Amino acid sequence: MTTADARLRVRYAETDQMGVVYYANYLIWMEVGRANYCREAGIRYRDMEIEGGILLAVAEVNCRYKSPARYDDEVVVRTWIAEANPRMVRFSYEMTECSSGRVLVTGETKHIFCGRDLKPRKLPEKYRPAFGISPAQS
Amino acid sequence: MTTADARLRVRYAETDQMGVVYYANYLIWMEVGRANYCREAGIRYRDMEIEGGILLAVAEVNCRYKSPARYDDEVVVRTWIAEANPRMVRFSYEMTECSSGRVLVTGETKHIFCGRDLKPRKLPEKYRPAFGISPAQS
Amino acid sequence: MTTADARLRVRYAETDQMGVVYYANYLIWMEVGRANYCREAGIRYRDMEIEGGILLAVAEVNCRYKSPARYDDEVVVRTWIAEANPRMVRFSYEMTECSSGRVLVTGETKHIFCGRDLKPRKLPEKYRPAFGISPAQS
Amino acid sequence: MTTADARLRVRYAETDQMGVVYYANYLIWMEVGRANYCREAGIRYRDMEIEGGILLAVAEVNCRYKSPARYDDEVVVRTWIAEANPRMVRFSYEMTECSSGRVLVTGETKHIFCGRDLKPRKLPEKYRPAFGISPAQS
């Protein structure tokens, strides 16, 4: 199983009055994680969208909050593919605070490959290896 | 089962370059929904936090994306309590686009009642009725 | 001078660990204010963008922070047009906390009318009255 | 004049349906820029807030938008201090797209040094050198 690690630092904007990171922001970090995964797997998500006309429409998110991140923490977002076929991909994530190794959040997102019209569309063969999908799979 | 409906209009800021609402923003709308639920149940979440020293720390989020919301859409966030006891509460949500009745998102969030130190703390009795918890429950 | 008032309630997501609204969020409220201004002036910004192919690209923002907004505050965003011609429009804003009348923020934004390619484009005549521009103005 | 450069990559969440970065997000990047400036000047903003009880309350923002940033662009936020005394500090920013050197945004923010109560408070002497303020200045 291939994993990709993205590193980020918590922004003041991402905190709320509880003094910790607001819960929706971890979904933004998941996006940072999977863009980084794609980049390390050899494709830029931007190019796939602009040149390939392929978008990843999100279908499902699950997120478990273990421990809160705080302002200025350095966070690692570890991302890997849990499942993929020419119609969909499911990413898994584990986020940890760097200095302590404390797990912050674990979660998954499921995405449907779509065209620009947001209608489902099979992933073109040239993008399949990056997602660990056999080009011949139907 | 009591439900509470909050109404909001999609902001430009909430869209992304796919032309639809960015997926993390639905979690913000869930927050709008449950603040509204509490208000209709007779407590202001702000007062519970400031006067009661009780915070709702999120433990889990699940979200299923059915159909995308777009800029300027009017959205209803229907919220109800799926489960509650003096230690935790689980909210359920259904979001629909007003003019069409189209379901956008369904989801749940699970929260632990905490003190200001973010450590678990039993919900004081005076707040229990609003969450449908019997004051005597331990 | 015509003004338009939009009303909103501060979301938890909009606060930061200082316990007040994060400063960038007032720009989102300005957007809410000017969308509301357009609506009251008889045009939906969404339609102007989709049907008319006209976008308002922001060129400048100035914002003075007088007093902080807090979670759950009700806020009125008063918006008016300070200057407009077929090439640009400048909006002014004053935001107040409803219950106290306290002024939170005053500011301006300057926008250039553009086509979908984000290149400057003169505002079509049919949209001019909404911005208080004489249709004949060149 | 000392400058500090922070580097970031545009997130999908930061774009809007115009296909470019939403205008309020540049203020978040300004925050990233000045946190980085402080770090390079030898203080962590987080420590100043937690240990020193000093907060930077924003009083004014000015922002000129020259050219839009797009998803996945690498951006450099150059930050420097335009003016500072024991009561306030004014930061200046210039953001450029890395690969082209294209200027995206220039701007300033003015901040008042405050205590935890958000009331103005003179900057303690130990933090002054980081802001280029003479410790003896009154």
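The letters A, B, C and D name the chains in turn, as written, and every chain counts its residues from 1.
Methods note: a residue touches a chain if its C-beta (ideal position, glycine included) is under 8 Å from a C-beta of that chain, and two chains touch if they have at least 3 such contacts.
Because the structure is a prediction, the values reported are computed rather than measured.
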Chain pair, B-D or A-B, that carries the greater number of C-beta contacts: A-B
Candidate from C-D, B-D or B-C with the same interface as A-C, over half of contact pairs in common: B-D
Distance between the centres, which are taken as Cα means, of subunit B and subunit A, whole angstrom: 24
Gap in Å, rounded to a whole number, between the CA centres of subunit D and subunit A: 28
Euclidean distance of C-alpha centroids - subunit B vs subunit D, Å: 33
Residues of subunit C whose C-beta touches two or more other chains: 12-13, 18, 20, 24, 28, 31, 71
In the complex with subunit A, residue positions of subunit D that touch it: 11-13, 28, 31-32, 35, 44-46, 71-72
Residues of subunit A touching subunit B in the complex: 18, 20, 23-25, 27-28, 31, 55, 57-65, 68, 118
Of all residues in subunit B, those that touch subunit D in their complex: 12-13, 15-20, 22, 24, 71
